């Protein structure tokens, strides 16, 4: 119990930010029309590619060869997620352009 | 400039929480129907009564008579805001009960 | 290079207290969310209240400052008790139609509370700064105190004036020079805050802070003074979001999550709400603050050559009694005349004669959103009879008679067909699409937007002049005598 | 009593870096918000991408760990370049209809990246813990690493399987014992995480962490394996939110705001999105995960006594040519047959003959939301011609012929009138309300929900059997020959 309380106090700001972001994530997309489901999923997919920052940090402080190799791999994978994600989303959404001119 | 940067670093978590709350406040009420404008205003009015916590803290550490008096006053004012706010809101919303049974 | 050092002494109590604050914040968020849906609104209010209770209770139990618990507990409980008793009774006793005034007062109390806190914390902070020797000009706590004081003060003074105006204790001032005065006051406030920030610690003489307080109060008064009494609901909503920000300043000062989130939530949602309110009236916030509109609506002055048809009470009684479907469109005048009970009586009477009676509620009829709902609920009109504007308009063609009671702008066809009208584009109740219209008002006077209403000259329309209350009284008597 | 000591060395760079992270978070939020409105979606994607670019750039420039800047910069830039080139080309080259597969792969890459980071940070953390002597069992950084590893691993393996299934490289396994195996794996994962938490620092042998990695991968495979291929869009959405949480674990570990907010945003919005997707198909998430439905839909087996009417190609050609208003309802079969271009050809041909041709798009026609929009856009069908389900239904009574091409469930009247049907309650396109219906499919086979479709036996209905592509080809030829 004490451990839990200490843990909470130590990370209370991060925990609170997590809670707020949770709500925000839900609120922000709660009125999405179903035709946007797939592009939205794809866009969100690109956003979690932010994990690449972690990869850059590890890679940036890698000393031995193994870490270098793994870090290199991690950065590549993260970049794939980010770049591929945004580009695919953009392609999907390209098709909605015409719709706009209708309104 | 340096002062600003130092200030930012020092309070970055609070600043970030403020930003998130800002978005959340807007998102959360963005689809309110106009008939609820007044009750919502009143409910929000009650919520900012949370300032009473500050009044309790000041009052709880007041030493001299002047602080005691001012603190006492502050707690009363804050309580008025909180209690009055919630009760008035509740009364306004009482009238929406019947509407519900319609659906 | 500086080092930012944050030391937190861990005790289980502090951790629990912080938890309670975060939980309270979550309850505020959920409460606010539920408050914005008709089905969950009432329940949402309770959620928020629960969060508040939690935060207050745990603060008293567990709060510590420099290892010291909260003292003066009997006094605190006494103050809480007084505030609760007074607030409860006031909120319960106030008349439905006086609720906006009440909200304004409570809002002012919150602002005053925030200002008082700042006033008390400022000297303490100055002392400790004088000892430690402050290094940075941009000192977070000082800033929070000054902002809390200024915004809280403005909100308090402004709310009091708004209350007075709504209660018709204070009249409107229309003078454009006040606008410049206001700009000047605002500038002074900013300058004063900057001075105090630079000078701090300001030392023994806290004169500057009292000057700031005074200036904030003066600005609050002069900010609200020139705004028309009818716009007070919007102003209160704005001041409401101000108080939210003042509360958030307190949260920043005490590093208190519940105050910070609660305050900011109200600040941002209140601002959005203010804008939504303005939109519902087809106006901009700036327009509301800078001055009432309509003075320049001269385009439609060509009313003189049109004829107005009057109807006698007995004709109106007959027309209504032999209709199948009647729609009552209430407006501000109904509230002024306090004729809601008579309106309901007319409804009951006609219904007993087999007439189908409904009400068409325009969202901004009256002087606050939901005004008509509040008013008619007071007279026990069942909610099922209230149609929203769109519903009412959909049924309009099948409606035999529309009775417009003390409404004007909300049934103005200019909103539909006169692009030069200031209310052009606002959705209105299309009374003229019904078979007959009866308008009850005292004169040909204009409404809130101060513009002509072509409906009154419409061939289908019949005027029934007089105070709504007495007209309705006579009308009910006529119908009974038929 | 313990003291929590947070020391931050202030340098301008760190402050700027933190600012950039917060700005990036805001851009993510705004981007996500804009992504969920049709008019702003594309632009929202760019906002989010800008936030990402900002965060990456400033990390490389300003990040410091124990006073040390980011090293190995050439390598990092190299990796970024490779990833960008490959990702860009792959995303640009992939066929419209293969996009879900692509999303699945990219999602898996993110999961793998999160898992790799954890794998690398774990030994480092263990060393430093061994030196400092950890005191608390609930160690935040260890927890973040373990969660990041587990969730990232599951997401990676699951996404690869989902990709294989969508690409039809991996078939469906229908065996209920897998469900129990999955529960067992899940339990093992939890136990392993708890053991590592308790034991830590685990010392030199990091075997446990490799075991955890392996288990996570195995679980990812066995989690997705039994789910039907057609449900993959939902599964990908779920795994997407998993990866979000894995990224957030990284954010917790590095105390990095952008990673934390970005990850959690995706985690929560992704979960909601998954639920919304399920709702659009009138199913629950649990139902999707635990197994395909429809196997028990025996209630409607009484189809034998009904007659099915066929139509010849030439009759269909005449019927269509002399109609005034034709509605095309595409479904999964159109995508299977890759007949979208022919469909457009038919449309152009009929339009040139003065027939008004529109498309009725059901939101879950096909195998992913928006599938039909993607498909028809590829064939350059103008967006103005696509009606949403409600619009299509409103116009149905005035429609002369509805051509259903490879759709089945989305035009099933059982959704309206058969309460025992698994799709009961799902809104459908009411083809039977039009004057005539032509259904093109290869056989009387059932669709995705594996239920009978009474529309095929409806008096107004005419079947045109055969592969959609060849049937359309012949039909177009017939009409040209008229």
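Chains: A, B, C and D, in written order; residue numbering restarts at 1 for each.
Basically, contacts are C-beta pairs under 8 Å (C-beta built on N, C-alpha and C of every residue); 3 or more make two chains touch, one makes a residue touch a chain.
Since the model is a prediction, treat every value here as computed from it, not as a measurement.
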Interface with more contacting C-beta pairs, comparing B-D to A-D: A-D
Longest centre-to-centre distance from subunit D, chain (CA-based): C
For subunit C paired with subunit D, centre-to-centre distance based on mean C-alpha positions, whole Å: 44
Chain centre separation (subunit A, subunit B; CA means) in Å: 32
Whole-Å separation of chain centres (CA-atom averages), subunit B against subunit D: 40
Euclidean distance of C-alpha centroids - subunit A vs subunit D, Å: 15
Per-residue overlap in subunit A, given as positions that touch at least 2 other chains: 6, 9-10, 16-17, 20-21, 23-24, 27-28, 31
Touching two or more other chains - residue numbers and ranges from subunit D: 2, 4, 8, 10, 29, 33, 257, 261
Touch-based graph of the chains, sorted into line, ring, star, complete or other: complete
Footprint of subunit D on subunit A - complex, ascending: 3-4, 6-7, 9-11, 14, 17-18, 21-26, 28-62, 67-68, 70-100, 102-103
Sites on subunit D touched by subunit B in the complex: 8, 10, 12, 14-16, 18-19, 22, 25-26, 29, 33, 257, 261
Footprint of subunit C on subunit D - complex, ascending: 1-11
Contact footprint of subunit B on subunit C as seen in their complex: 2, 4, 24, 28-29, 31-33, 35-39, 41-42, 44-46, 48-49, 52, 55-56, 59-60, 63, 65, 68-73, 75-76, 78-80, 82-84, 86-88, 90-92, 94, 96, 99-100, 102-103, 105-107, 109-110, 112-114, 116-117, 119-121, 136-138, 140, 233, 236-237, 240-241, 243-244, 246-248, 250-270, 272-273, 276-277, 280, 361, 363-364, 368-371, 373-374, 377, 382-384, 388
Subunit A-facing residues of subunit B, complex: 13, 16-17, 20-21, 23-24, 27-28, 31
